[in-house]
């Protein structure tokens, strides 16, 4: 159901093969008459991690919201696999997973119900796959507990459990490590590195130093493109 | 002129109060509509001049 | 079809220059039309058989009512253009229209009510036209309230544009349902003085007043747009240049 | 198949659920969410009941007088109950970030918005329908008008929810947007109120009420087709604000 999408080289089974996933050039973003950044360019290939850094309020979240097509209040072009993003918006949205500051976890619902909704429009999930994804984020035994009785860290882990379920090619994670304990952070970092090596591209914002094989990570400081 | 005398004109045949109050309100609304943008522009110019003067002092 | 004039229309600088040339002529024209229309209507038009001289309020009430509705339609279209083509000028025009439209709706309401006293004997009568005018006033107030409630100027303009378009779709529905409701509950006293057929010499001043009101609207809108442009574009070079040589 | 950049190429598998399926998921989630918060479910019908009982106390318990008043009172109470419940439609999702996720799903937003409004109507509009005959009894509405009352509410309350959702989408980003929501949306409720009360008044006088009901059905279909676009536009504008 890839609408209006022609790829450069097709793999054996007719599925598109892509190396350069995302290209952004001359991106300009203004927030309430305050220029956040202008002339921002970067390209993101498959199997790469992009760490977006910058002081608070320098526009990191705005950049991620633009990349997640949450807002079209910007100038500049964004290309997904060589196509202008507006032309292939549906295909792009199928291939992106966005976890924002507020993870979108509903208190009264249990983790399973939350995940069934969060991943519901990408794929139909069997109970088993959800349960072992929750186990991987260390929430074994909390499957049927309503989320308002979980701690903030646990609620964020429920959102991060989507990473173990998702087939999307591009992950956009806004401060994924907040409220996660040290062991959880290391576990998540190794998982992200392993996924990146298998060809997934990840854009994330975090303040601490990622200990990941450095060949994988590209850094982008938003403040460099500011006023 | 439809009315014989000025007095007749003001009285408007016992409807004078209604007619003139309407025209009075109309005049007030029109003048208000003209006055607001002009006042806005004047206020903005003063603010801009002060800003200019402040910048001039800083240099 | 080259769209250059359309995009030129969108640039505030171009609009400011053009308006400073056209404004004086427009002011003279609207003054001329208004004075002739009012004087003709008040002093020279014949009195009406049933209502006597109180019908002369029509020369204010009807143009104000027409203008109120026309301004809402203009506002919704300007908002729509601003929303779809992201044109800054259209957004500014829509936000400047609202107060003008609201003031004319209020004028139409007040003059309608005052006119009702001698003809229907009560200050406020739930007449179909007056009721629709009252609802139009609520639509304007809703538009302005939404515009004021959202801090980010761009979002405020786009959100209120959506509201104006929704309101535009609803105006005919409101008008017909109020008319239908009014004919259902029509009291005897109002039926008697349905719109009287007006002889020609009463119509001429009405058209002149109407034209005068439209020109007046154009003048006031341009004045507001100029003030708003200077306010929003004060960072740009041309405003700075304009300001420094003006004072 | 590694390309010259020796970067592992990724085969992109198209993956998405059909719009109908996704809308069904949102509908089920909202219904489950609603039933989990039992306490909030009772508010609209309770408000509806209390407002209607105020009128006989405030004006006069005389049945003949109340019968004339009943259609208007019931309809205005239903309108206010829907308006009060409207603020919770998007606010919960807006605060915990679920609204942002809803805006970037591959399926058209039209379906999700329709699913959310339907779920909200089932939770707040339907109870008013169930409660209306009891209140008609209290206000001594003539018995031949009951079916028309139910029919007019059945057609009217979804329309009220759709129109209210437009206001909710526009004001969800504003902190105390509840009061502003009613100012924006009440003018749009007036035709629905006129037609609804008109139908019930005609029925209670024994006149045929089919005309008003058909007009309500016309407005409902208009609402069902056009309102979700306005709601989706409002949500997108709020998110990009």
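For this structure, a couple of remarks:
Here the chain labels run A, B, C and D in written order, and each chain numbers its own residues starting at 1.
Everything that follows uses one rule, which is that a contact is a pair of C-beta atoms (placed from the backbone, for glycine too) under 8 Å apart; a residue touches a chain by one contact, two chains touch by 3 or more.
As the structure is a computational prediction, the values presented were derived from the model and not from experiment.
Of all chains, the one whose CA centroid is most distant from that of subunit C is A. Centres computed as Cα averages put subunit A at a distance of 58 Å from subunit B. Separating the CA-averaged centres of subunit C and subunit D is a span of 33 Å. Averaged Cα coordinates give subunit B a centre that lies 45 Å from the centre of subunit D. In whole angstrom, the spacing between the mean C-alpha positions of subunit B and subunit C is 17. Shown for subunit C are the residues that touch two or more other chains, namely 152, 154.
Multi-chain contact residues, meaning those touching two or more other chains, occur in subunit D at positions 240.
Under the contact definition stated at the top, the residues of subunit A that touch 2 or more other chains are 73.
Each chain pair that touches appears in this list: A-C, A-D, B-C, C-D.
Residues 166, 170-171, 173-174, 177, 180, 183-188, 190-191, 194-195, 198, 219, 226, 230, 233-234, 237-238, 240-241 of subunit D are the ones that touch subunit C when the two sit in their complex.
Contact residues on subunit B toward subunit C in their complex (touch as defined above): 1-3, 9, 12-16, 18-19, 21-23, 25-26, 29-30, 32-34, 36-38, 40-41, 44-45, 48-49, 52. For subunit C in complex with subunit B, the residues that touch the partner chain are 38, 42-47, 51-54, 56-57, 60-61, 64, 99-100, 103-104, 106-107, 110-111, 114-115, 117-118, 216, 219-220, 223-224, 226-228, 230-231, 234, 243-244, 246-247. On the side of subunit D, the complex with subunit A involves touching residues 1, 3, 5, 7-17, 21-22, 25-26, 29, 32-33, 36-37, 92-93, 95-98, 100-101, 103-107, 239-240.
Here subunit C touches subunit A in the complex through residues 151-154, 235, going by the rule given at the top.
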